[in-house]
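Note that subunit A is present in both complexes that follow, paired respectively with subunit B and with subunit C.
Then we have the complex of A and B:
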């Protein structure tokens, strides 16, 4: 029976080349976009160099101060004062990385201006993030304490600044009109590593501002590394207790909010978060709605094509019914045919995705990003195919099965 | 074998009501070859469709092989047609995307028979209609007479007790028509298949056991 359906399906696909092309094009393009987007999402959220400990990490990327009357809210990364006097005193985390966001500044080499990004970090930053040193090593506690004018640079920056293939150890980079001695060169982190990617890393004691004062708002972020994932709730609890002890006496700043979030939550809270919610559920809901709407268009198109195609085959439907096919058998047949089409589209979609991902990876559109189709993505794609096939096949098949035999047989006469 | 009791068939649209069949009662015996004649639009095909359970009457009973059929649901009707009835149509209604042998196998797909069994029966049926040498052809590669022979093979492959033929020779020249008629007569004579055939051709009708004439939806004799 299935072999017969398969024969018919292939014959029909071959006969209606244009419709087949349109259908396959719609399915494979939609799937390609979905696969590439999920691969992007995968790269953004999965642990990868240099953030290999991500599943054991919590991120504090901002604090919020609100008034009791809810008419005043201000938020920003935390101040050095907050991070140094409170967060770094936490007991549960194994390590606490402190760093600023990336600040763009100018660097000069042989009178040639180039833009570089600076990040100020503490020593633990180099223990939490597992950078691979191609030259030298990271700065140590003594360098930090002495505010030594030293820098760790990325391999990309080394090539840009000193030339392709040149070594940088012991040489000086000039940024913001200050010369820093290069003591380490790390393999560049992908640009998608928001909390770890920079061109030049400096000890935070070299920061020109932000180290003094007792304001809670500043430009520092924290990565808390737990000993094990079981410790993550404990860290959250300790942090929430810690917040209660932080003084914030200013008017209109009666409420202090801040959360140690997982990597994904640290973004979703900023975009979708409301109150105490991390916004992760809303994020997945939005993605779900987006994917559904995105798939709906080609599905409707496929439904239309299928309806017209099935009506063209009314003679066949009439004959099959006359010779003993029940309506449900016919629905089964047409769904199987549609599944064959969508699976073909799916295979094409996967091949197309591999091509797109290869092109994206080799074009270095986002530096050092390596997109891959992993098994999860492939699984979801196949699931999407199945949903596609069912969504676009069920309605036409149902309409066709309701066709009266006599009318069906007359239609093509 | 086939019993129609006080059959009426009315087609209704929003504005028009057409009486296609009017109080038809009829009995076709097992092994009988009945032909139905009448002018175009007199209800011949409608009557045949009712006998084949492809359509339901507006009034009256259709009893086949002692089974009252009006209460049967879609699945049971499909099963009933599959096991008892074979159809032959004027315009063949072969599936052009399938090879001759696959077309002939079609009724067996809806039974619990293995692929091997289906193939054997289909080849037997094709041999019976003299088309063993066209097994792998597609319908578009065949002449009208050959197509109708494939359609007959399809109708007989499941060894049904009844064959309903709607103008089986209508699209063929007289020589081809005669050939088809000979096959049907042989099926009736040798296998004892009950055949009801709608025809316009009095010569064909003459060769059957009994003739039923219809005029404006009513039996003439």
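Then we have the complex of A and C:
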């Protein structure tokens, strides 16, 4: 039976090549855009070099201080005081990485200007984030304690600073008029690794400010690595207990809020978060609405074309009905035919997205971003394909099944 | 004729329902595209009010804690003298961190006789106007005579002046800012400093004084045309050795401007690509459906030709039908589109929406006519003998 449907579908597709082209064009381009978007979201959120442990990690990126009446709010990353005296005393996490945000400064080498980003980190940072060392190694606790003027640089920085292919170990990089000895070179992290990518990594003891004082606001971020995913709720619990012990005596700072979030939540909280909620649900809702609106137009277009095509076959339908085919059989047949068309369009769409992704990757629009079509992405696009096929097939099939036998047979011209 | 066409479409409203809704949604997409385009283009055409070429912005970074205002003032003077001695530097001014095209903002509320205004505040010096080559509309910029005056003086831009004083005179009026009355001594051209695509907002320029000098960590430098990367490296070294800074950074305003503009243009380009693809898709769909409908009506067209209709009147009828169909969609679409200026969604001026709506209507008509022309021509080429014979 299915084989028959398949044969009919192919025959119909061959009959009106222009219509087939329009349908396939619409389906494949719609899917291409969806697949590329999914791949992009996937690269932003799923674990990859150097952040391979992401499913076991929680991120503390900001603390919020509010007044009792909530008419005064300030938020920023945490201070070193807060991180060092409270967060680093936590027991449940296996490792605690702390680092600052990226600070940009300039470097001048061989009459060229470079912009370099500096990040101050602790030693655990190198254990939580699995950087691949091209040369040398990370700084150790001894370097950190002695405030040794050493730096780990990225491979990109090495080739920009010392020239293509040159080795950097033991040489000096200069930033803010201070020379740092290079003790390690890591493979550059992609720009899509929002927290961990930087050009130069320094021990936090070299930071010129922010290490003293008891203010809670500062520029440090924390990554908590759990022993297993089962520990994540325990860490959240411990953190909320810990917050209660943090003194914040200043006026207008009566309420202290901060949450250890999963990677995705740490972004959605900033944009959609409300109170305790991380805003993840709203984020998915927005994506859903966008995808729906985006697919609406191509779907209506496809429905329109399908209705035209199906009416063209009214004589065939009339004959089948006259010989006793039920409406549901006809509807089933048409939906299957439409699915075959959609899946053909889907295959084209995947091929097109491979091309687009190849172009995007090789253009280096976002440095070191490596978009891929993996199983998740493929799964979602297959789902989109099926939904698309169903949505655009049901209405024409229903219209067709309503056809009156007599008019259908007569309408042939 | 037109009435007849309306009747034809109305009789087949069920068949045409899908086509109408498709054109309707396309209209809404095109309306959004044109609203964005018109809005951004209008802002782009507005004068900037200053010149950013050959201007560098130096961010001194965090100057550390425990600095008292006297030592900051001394450091500023040392730095100024050191930089001024370089021949490539024409003029420089210390300023708050909200330099043009930066992401930094400092906003506050000022009032004049009970009328309030949210405005950007820029801390500047006497040389600021020269560095950015701003144009005065009336009054004067800060000068040495302000040092002696009892009241603090400030300068407002044209945009802020119009919102606060309307068409009246601003010079000499007292504005309440930072909890004290300050005197307006000058009006400059509107200051479009957020990006080329953002309309100017009210701006007030005040002088750096002992109250805020601790937070001043930026310098704007106007350099001569010959200043290159080597010279920039020299300036960097000079500043770094004159003061202790944690993150010294020199940026060119022209670079800041292009990266700021990208915040508008890149999302816009992505949106246009997606919208363009949708419209192309729809155009093909309309084309296909019209073509199919005409093939279905060969008999009718043949009959009309047989009783003397000319080729152009036949193709005219088909194009006319498509236009009437589009009109149905556009009437419904305009009903929705007109709600935007009426309800003042997104805070854009009504004229932007109306222009966009007009352009979108023209675009949709053109699109539909274009899609109908070829099928119409084909219909006109039908020979009555052949068409009627088929029956």
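Just so it is clear, the second predicted complex is superposed on the first by the 411 of 413 C-alpha atoms of A that agree within 3 Å, B and C clash if a C-alpha of one lies under 4 Å from a C-alpha of the other, contacts with A are read in each partner's own complex, and residues count from 1 in each chain.
Going forward, a residue touches a chain if its C-beta (ideal position, glycine included) is under 8 Å from a C-beta of that chain, and two chains touch if they have at least 3 such contacts.
Note that this is a predicted model, so its numbers are computed, not measured.
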| item | value |
| --- | --- |
| Simultaneous placement of subunit C and subunit B on subunit A, clash or fit | fit |
| Partner chain(s) touched by A:312 [first = subunit B, second = subunit C, both, neither] | second |
| Contacts of A:53 with subunit B and subunit C, given as first, second, both or neither | neither |
| First (subunit B), second (subunit C), both or neither touched by A:12 | first |
| Which of subunit B and subunit C A:328 touches, first, second, both or neither | first |
| Per-residue contact with subunit A, leading partner among subunit C and subunit B | C |
| Superposed model, angle subtended at subunit A by subunit C and subunit B (C-alpha, nearest 10 degrees) | 90 |
| Partner chain in contact with A:118 - subunit B first, subunit C second, else both or neither | second |
| Contacts of A:29 with subunit B and subunit C, given as first, second, both or neither | second |
| Minimum C-alpha separation between subunit B and subunit C after superposing on chain A, in Å | 9 |
| Subunit B/subunit C common contact set on subunit A | 413 |
| Touching residues (chain side subunit A, partner subunit B) in the complex | 1, 3-4, 7-8, 11-12, 15, 315-316, 318-329, 404-406, 409, 412-413 |
| Subunit A-facing residues of subunit C, complex | 18-19, 21-22, 25-26, 29, 61-62, 64-65, 228-230, 232-233, 236-237, 240-241, 244-250, 274, 277-278, 281-282, 284-285, 287-289, 291-293, 296, 298-299, 390-391 |
| In the complex, subunit B residues that touch subunit A | 49, 52, 54-55, 74-75, 77-79, 81-83, 86-87, 89, 91, 93-95, 97-98, 102, 105-107, 109-111, 115, 154, 158 |
| Subunit A residues touching subunit C - in the complex, by the definition given at the top | 18-19, 22, 25-26, 29-30, 33, 103-106, 108, 111-113, 115, 118, 176-177, 207-210, 212-213, 294, 296-298, 300-305, 307-309, 311-312, 413 |
